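Common to both upcoming complexes is subunit A, partnered first by subunit B, then by subunit C.
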Partner chain A sequence: MSSPISAWSHASQERVQTILDSYPEPRSAIMPLLYIASLEHDRVSPEAMRQVAELTGVTPAQVASVASFYTMFKRDGVGEYLVSVCTSISCFLRGADDVLEVVEDATGARRGETSSDGTFTVEHVECIGSCGGAPAVQVNYELIEGVSTDNGRKLVAWLKDTKPQVVLADEMQQLFGGSRSFDWGGPEPEGAIAPVPAFGPYGSSGEGR
Partner chain B sequence: MADADQVTITINGIDHVVAAGQLLITAAENIGEIIPRFCHHDKLEPVAKCRMCLVEVEGPRGKALVPSCTMPVSNGMVVDTKSAVVTKAHEGVLEFLLINHPLDCPICDKGGECPLQDQAYAHGPGESRFVEEKRTYLKPLPVSDLVLLDRERCVLCDRCVRVADDIAGDPLLVFTERGNAVQIQTFPDEPFASYFSGNTVQLCPVGALTSVDYRFKARPWDLHHVTSVSLVDTVQSTVDVQTSRGKIVRVYGVENDAVNEGWLSDKDRFVFPAIHADTRVVQPLVRNGERFDKATWGEALEIVASRLGSCKGAEVAAIGGAHNTNEDAFALGKFMRSVIGSAHIDAQIGDGLDARLAAAVTSRARLGDLDAASTILVWGPDLKEVLPVLYLRVRKATRNGATLVVVSPVATGLDSVADHVVRYRAGTGSELLRKLGAGDGDLVGARSALREGPVVALVGRTSLAEDPNLAESIAAFALSLPEAKILPLLERGNVFGALDMGLAPGLLPGRVSVDSQEGVDAIEDAWGPLPDHEGLDAMSILADLVEGDMSALVMVGSDPVSDCPDPQLARAAIEAADFVVAIDAFITDSSVLADVILPAAVWGEVDGTVTNLEGRVQRIRPSLLPAGQSRALHGLLDDIASQMGADLGTSDLAMISKEIASVAPSYAGITIDYLTFAGDPDGVVVPIEDAQQPLVYTPVDRPVPVVTGEFTLHLAASLYDAGVWLSNAAALGDLARSAYVRLHPSDAARRAITPGETIVVSGSHQLPVALDDTVSRGTLVVPHNLEETKGFVATPTVTVDTVRGEE
Partner chain C sequence: MTDLILTARMTAHPADSHMIDRFVATGGYSALRKALTELTPEEVKDEVKASNMRGRGGAGFPTGVKWGFLAASEPRYLVVNGDESEPGTFNDRQLMERDPHQLVEGIAISSYALGIGHAFVYIRGEYPRSARRVQRAIEEAYAAGYLGDGILGTDFSLDVTVHLGGGAYICGEETALLNSLEGRRGEPRLKPPFPAVEGLYAKPTIVNNVESISNVPWIVNNSGTSYAAIGPERSAGTKMLSISGHINKPGNHEIIMGMTWRDMIYDLGGGIPDDRALKTWIPGGASAPWFVPEEHLDTILSIDDVAANGSMIGAGAVVVMDETTNVVAAAHRIVRFFAHESCGQCTPCREGTRWLEDVLKRILDGRGRPEDIDLLLDISDNISPGLSWPPAMTTICPLGPSAVSPVTSITRWFLPEIEAMIAGGGDSDG
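Here is the complex of A and B:
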């Protein structure tokens, strides 16, 4: 019987095999595979969940049960850049609501929505662990700390104008960030190439620019 | 403390000695202290989801609230189930559970029998502080063709999810949107199409899951309950048949742990609307050329009596009786043998097993033996399709650690829980059996598993196309295994009861062989002389009818044209017969060819006893009067006998019951009265210990030829086929699958057959193809008795032709 993912890119198919090989129980691979599936389908579509179910030997319903719990598995499509503004307590006290409003204004997308040209999706998120660098913003899950309203507007304009293939936390922090929560150490060479986090073999990591 | 198996616990200040190892909620229940609960259920793994069963248990750091459904009892445990703290906890939990509950009890099917309603009265705060708007969802949401979901009523107890996943093995219902909007859901476009979906409706502790059939039909307090037995298959699950205003509206499973443990298949549960279908035959019909005329019973019986009476005994045969009660089957056997004078009688239609193997195999297993088995061998039909509740029992045994060996030409429902799956090309079973016995090659694992006793072997025919002698060889092999017991697998309702009542050539009532002079003498003392010719089985009867050696046929609830391996032969036989009477409730492919149709009372209307595949006799009770002018078989046979000038003595059920208990040796003492008033409510197992059973049958390893040819046939049974009951059973009627022929991709490639393409099988049936790499090479899988495969002849090999012209 043909593979459920024969239409996927060769690179994705190889990563799927690597991931499946690294778990004793195939169903443990559901979450990492969902990231790859969402790269292939631009979202975690029903078809993507079906394919992951077949790869892991569970029913599509069981995959949906997992996928619907985690907000980072986007079942509805998102734009090219997913801008997440933290509105939890520390960021809120440091003006996150204003930053969010500025971002909505500049992107033309209300929170939870995607701009009409498909470039931006804006969302507000709960604590992303940067209370020391509040207010914090993520673009495709790459983190920028200490974002002022002014810089929020500039960040969106920069994304619009330069359309970076890869977004890098370090680069954006330098251009639009403020005070950091702590010293993050040396520069990170890899960023995100899609609204899927850039971790290791699971995600969308691309070489820096 | 009494002994190591017991502990002393204190509940509400009173000491109790209880069995160790059980859960606190169960221990409390057993001593009459019912702790409220929603998610807890005896047959499901504990999850402690609903928090309703909180009780106070004293611990090293004082009293604490713990969920009693996950807390095992321990010695010296001090429990308070009624303290102010516990009461407040219960009130709090219920107040939370009711926050989003619509409180629409007056229009809810569950209202009146609802644990949420009952426990809200008993343990709730009486008033809610929640004044905000309740959450609303689209409702009702059909999660399948049979079950509707109301997410607003749901209390998220997880029972349905556990039934679907753990019990049935169909994890199609899940929690989605976990968090604030957590809800039960199916995957889009993938409904809860489980054969066991109805069990979730029965177990749902609120009105969230309701059945399509029962919706708005009745209120619980108006229902009349009758405990009876399902006749859908030979497991004969114990059921609670619920009627309202003269109609069955609902069938629930009864927790008979010896049989079905409360579970039912959806066929058991939802087939009842067929009884009330307006397609039922409710008046005698007499053929008038191409059509049937309605007749009175007097007219019809006179015709039947005179036509049958004008034949010699050996020219009359009867096929059927497997859907009837033991009493009706007994009456049929007595009618044929003593009134007609014919030994040609068969409850099976060439689709079963050797009658002596099925009725009297040595070391016959009980269902409960599966629970204690170390190894289970299943070599027979796909249990999930044929005997679904037995499938659940085998699944349970594997959960408890039994090693499962499944042998079949194609994938079966049990493969996912099997330790060893052995496939073979259909028609080569005897070769495989030899290899399995020797533990050849890759069978070494399966062979060594079978050395771990006790072994329970479930043995039947994998398909109609398989030689029935193979099952005997398998049984003979199985009996050589350590501490082996055998459960013969037959499907049709009360076929084991029918065989026990002697509805087989070569058998007399009570598992007596016609070869036993003692047995024959005993029956002749009661009935007068038995016919002196040898009885023929159904296939020979049909052949003789075609040849003209026989002239009349009595079909009792049987449909040879649909069910026998050679439908063409069956049709030809019925058409060739001088006279055919069908005693049936429906116009079937067979009864439509009859000369007279006598309307028969069916399940739900008949009274008596039935016997399941382990030999357990249970009471089957009527909920209804027979529809229209339908009559029970024993009474109408008695009338035919009177018309023929004979006294059959079967007009009264109690009389038949007494006669069975006296002339059928293995049924000695098992009367309706005994089962009703004195017997175990779970039913009585007919003695299977070898000394008490007159006929002791040890299967022999008969030579079974290996079939060769390009394609050998596997004629696969499915739960939802084109059977007449299903077609007439409202919601179930539409569930029959479409017919696909399945074959291995490499066979398809060799013949350049592509998926979806239509092929001609055996020159008779055009069917679409699906590729399936779980099918053994060289095997063609054809679904049995679907609309598209009606009339398909079960031959060992089949031919395959393409229809796309020259290539």
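Here is the complex of A and C:
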């Protein structure tokens, strides 16, 4: 029987089996597999959902019902860098709306949109648990706390200029961050290779692809 | 101040408190060894029950009592709730990133006590660093024989799986979390049946918060009665508080409850920037009704005292707002959150939160009508009849009623300000 994911990278194919093995029921693997599939397809495409359905023994419609419930499964695709600006209450009180505006200006993408060259998608997000280091921004879910408007602008310029293959929270915090919710401890070598949370078992810079 | 429980290691060893070598060198996994070699599962459960620890995720139900409800059939599961998403809360994130082995040790001890062979840690998708550190701790623990088959030479075996969320606040509600972990939409289930009887895959399941489980190693090492002796009688132990907003020292603080709010804000929190006046604060996350200085500065910070004053400690998020705050804009921001995060199952929540958001927005935009205040309260009453505390519900879960809290807070404490905004044509900052 041919595998539905024979076109996926070897690393991704190996991860699929590990993930399926770590749950008592295969359906539980839908969310992790959607993350891996979106690395392979650059978004949660209909084809990605069909593959995940086949791997977990459910229908594509059931996978779609899951994918559409959660904001982090991007069915429409996003730019190389997903810039998420928190505008929930604590960040709002600390000036997050101004940070969002400078990020929109610097990227050329309004909230919910992707820049014309495909480099940036900008979104405003609800609380990302960084209230003690407000305002907070994530790039491909890697965090920067204490972001001033000035540094928000510089962050976007830096992403444009250097086009990092791997986005590292420690590096961005050092360059563009301010006060943090707490000492992060560190250093942390793993970072994001795509707009998907950098978590080793689902794929990240630390594991290759 | 007694010695800190949860943050002692990360305070003493900020660079490497998350690494197994540091953990073991500072007494880590000694509680697991003690539990497995000196105590029966029943004895461990008795210690946790004697601690009087109340669940740290927000509801405040005693953890030991919850454990007592676990049905006997097998398999059984432990699910650790690391889906911390309540606006203002970031203390579980610190516990997962700075002392993940403390959590893993708590998981292993709790699973031994409850006769569980497979535990899950559900971590919100926006916390990749938390997930990485917990995953690394799990891998280190397997390699060192603290997880896996035949732990520490006993016949107790345990597997632990980290599961990443997908960006949905509602998955912090335990039955929504279980649906999500099963690979479904994160929609809360009707209770009963409670998870302890029919939880993950309809099997008996205990769902506990990260902070609750992180306390278990200390309780086993020092006894439940020692834990119960810390702090006020019905708010035993320490509590992680997340402080944010207009405050000089934002961050997490591990406290012993029983202080006044005045001490919390002006001593622990360092007061308000530029000595501006305190206007209001949220004592327990976005879902909680607000406190005001005229009424509550000398209220005691304990689970029961805050509840008696019509609000809650919740997961421990304090959001401070100074005199410059536009309270309608702040309330709108919180209501918008709940409208965005409503799962859509229940009409009063799905429709009501959106109505509340729209009406607050039009007041901010200068299109408010005098009758909008009554309209806000009427919509609120449809979501949570009687507008009482704790809230009555017309919904499966408390998300809808949570959206009512900021609305009733501003109409109760800042009515003239809303009326003035409606009369004066709004405020462009919203």
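Methods note: the second predicted complex is superposed on the first by the 202 of 209 C-alpha atoms of A that agree within 3 Å, B and C clash if a C-alpha of one lies under 4 Å from a C-alpha of the other, contacts with A are read in each partner's own complex, and residues count from 1 in each chain.
Keep in mind that, in the parts below, a residue touches a chain if its C-beta (ideal position, glycine included) is under 8 Å from a C-beta of that chain, and two chains touch if they have at least 3 such contacts.
Values in this document were obtained by computation on a predicted structure and should not be read as measured data.
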Using the superposition described at the top, determine whether subunit B or subunit C touches more residues of subunit A.
C
Considering only the touch criterion stated at the top, classify A:Pro60 as touching first (subunit B), second (subunit C), both, or neither.
first
Contact-wise, after the overlay, does A:Ser45 reach subunit B, subunit C, both or neither (first, second, both, neither)?
neither
Tell me the contact category for A:Glu188 with respect to subunit B and subunit C: first, second, both or neither.
second
Should A:Phe69 be classified as contacting the first partner (subunit B), the second (subunit C), both, or neither?
both
Let me test your reading of the model: by the given contact rule, A:Leu143 touches which partner, first (subunit B), second (subunit C), both or neither?
second
Common interface residues of subunit A - those touching subunit B in one complex and subunit C in the other:
58, 65, 69
Touching subunit A in the complex, subunit B uses residues 170-179, 185-190, 745, 771, 773
Okay, in this complex, where on subunit A does subunit B touch?
1, 46, 49-50, 58-62, 64-65, 68-69
Subunit C residues touching subunit A - in the complex, by the definition given at the top
10, 14-18, 75, 84-90, 92-94, 97-98, 118, 124-129, 131-132, 135, 159, 161-169, 180-186, 201, 242-246, 250-252, 282, 286, 317, 319, 321, 325, 329-330, 333-334, 337, 340-341, 343
In their shared complex, at which residues does subunit A touch subunit C?
22-25, 27-32, 34-35, 56, 58, 65-66, 69-73, 87-90, 92-94, 125-134, 138, 141-143, 169, 179, 181-186, 188, 190, 192, 197-202, 204
